[in-house]
């Protein structure tokens, strides 16, 4: 059984490599490399695997799952600059792929401590683009 | 090849254990335990696995699939009280997880009799919460 | 300038007239008259008219508008039985139309006290049905 | 007859008044005042009023309308910083209200030159918030 | 008070003037003039104005409204070729604008006979384009 | 890591077997067999599997993925008649299942040449129906 919780956050970011100049960054990343930033309404789906607890009928209380996602992910990203202000993204390109991996690392342990297993982090950047990360073992 | 049919139903329910008092139910289930009920517009996605029939180009005629889902699931749930009026939920907590399992049990045989295999029951309770059930073997 | 805030709530209800028997209620209201209730995920759009404050660039701070809607409407409806538990619906059929009118009456004064004018209450009951109320003067 | 074209853009912005310090800005604008920016996927609906041309069955060719919106609005906003890089927003708070007014001013003349009248600029900032501007005369 | 019902239909069409050759049609209508047709999932919102009936809490029973829309509009358009098979579109360009006007004419009388007034026909052709028609008097 | 790109196209089609008469086609395919065509706004999700390139943070540049999908799929289907005008559908029933398989065959090689692996073609025909194809090996 899998349960999924949706959360969202708004953030600014920029795709660029500091060792490349603006021209090279523009060539590779297009307008996503704009030095003065742009931003998105990110939508995050966190899917968790587990057995149904016969006492509650729940895999995991969704209030707990929502609180974990907010504490470890959304509160750190919402209305922030992903390149400059998010500790768990330091040293990583602010691509959607890398952000999904970093979110996975933030969530895996607290979800395991609730007795469930993180299955998928799905991160929607725009209505036309999203990524899904299933952890190392997939 | 997988094909998916979407159907929907509106129903009332309540999360509670009869052997617990209202205070304990409130503690565990929050406002979902309201003794006077609340309700949802549930959205149901039924995904079926199978080979494409060369004569029709179909895995399964979607009209047949829709009729099965309506007969065995939607007609029994739509505009009903899940706790009190749905035979296949008797004796089960009216959680989304348990409802998805019960819907799977309703659908598995009639879909197999059409020559296809039920793959997934996805049940959306609110825009922020959904569950997916893939059967025992997953 | 009009600004709109979306909020949502889940509730149970039933369409029926107590002076009619179940058969007559069924005839007029169909399965919406089910004596054991059904429910919906209601989506509420509140639209407010006003001038833009040059200091803030706002018609009305959306945080204030959201707080007003939650205090006077959502907190009283969410996870409730509209027929039995909502003070401002006492004595009214629990139709979407009547609910929109009652929500208007709840919101008009507190929004006016913030210096703006309530323009429209839009209430979506299902993806296929919604109502809009613009007050008496329309 | 009204026709509406949807376009979208992603941008960074910040709500703040330069003559206020960060504390005061934070008090009024909350996390939207973050000095290091945040951003959104803005969705823009442009509605135009006009008569149907009997030769084409169109109020206005949607390809022309889309081209106007892209040239005068989207190309200047997409993947930009609204506070720093958008000429028609210079000197204005980067609120959704002010952005809608500025978009109206960009579009009114080129749409009139096509023989139609701009009716409404609707700008969705998040799934919970949007503004509508109908011009001065409304 | 306004109530709105959503219905949908899938149809094929083509934009072209028979007195123009294919080259001229292509110039004006672009790929919408393809002589071998293309098609859409149209979404139709029908909005009705009226007073709330104190006995039912309804402006108009949505089942009646849905039946009117299906009988006079959807059954005649669904899975059809708008240019060749829809009696009420004969002699009209199959543009979204003209289709909305024709739908208005189909619906106005039967809705008036139910004691309500047709307010708006909104017809969505693609997620980026829609038209709204409010009748002659607007 | 999986990344997904959404694209869309509008097309006409018809379900029928030429060796069957209209009556038999109608019996099997219902109104989808209409000899004068009908059509849809198809939505296509293409999901690609791959490792994240440390230099870019990308599995695959979404601009490249979008260009591949447009060149090999969307440009050949958009505003076309699937039965008559799409080379890669010649000799195949124009069902959603067969269309998804044909899209897979169009995309597999150009995506592999970009260093990634096609994982899933999801094709939405209407809001109630979609298919997913994962290739032969699934």
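Residue numbering begins at 1 within each chain, and the chains themselves are lettered A, B, C, D, E and F in the order written.
Convention: a residue touches a chain if its C-beta (ideal position, glycine included) is under 8 Å from a C-beta of that chain, and two chains touch if they have at least 3 such contacts.
In this text the structure is predicted, and so the values were computed from the model without any measurement.
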Intersection of the contact lists for subunit C and subunit D: E
Pair of chains joined by more contacts [C-beta pairs], B-C or A-F: B-C
Remotest chain, subunit A as reference, centres from CA atoms: E
Chain located farthest away, centre of subunit F as origin (C-alpha): C
Subunit C and subunit E, separation of their C-alpha mean positions in angstrom: 29
Whole-Å separation of chain centres (CA-atom averages), subunit D against subunit F: 34
Rounded Å distance between subunit B and subunit D, as computed from the means of their C-alpha atoms: 42
For subunit C, residues that touch 2 or more chains besides their own: 127
Interchain contacts, given as pairs of chains that touch: A-B, A-D, A-F, B-C, B-F, C-D, C-E, D-E, E-F
Residue numbers on subunit D that touch subunit C, as the complex places them: 15, 17, 28-30, 92-98, 100-101, 127-134
Touching residues on subunit E, where the partner in the complex is subunit C: 1-7, 47, 52, 55-59, 62-63, 66
Residues of subunit F defined as touching subunit E within the complex: 8, 10-13, 31-32, 34, 36-41, 78-81, 84-85, 126-127
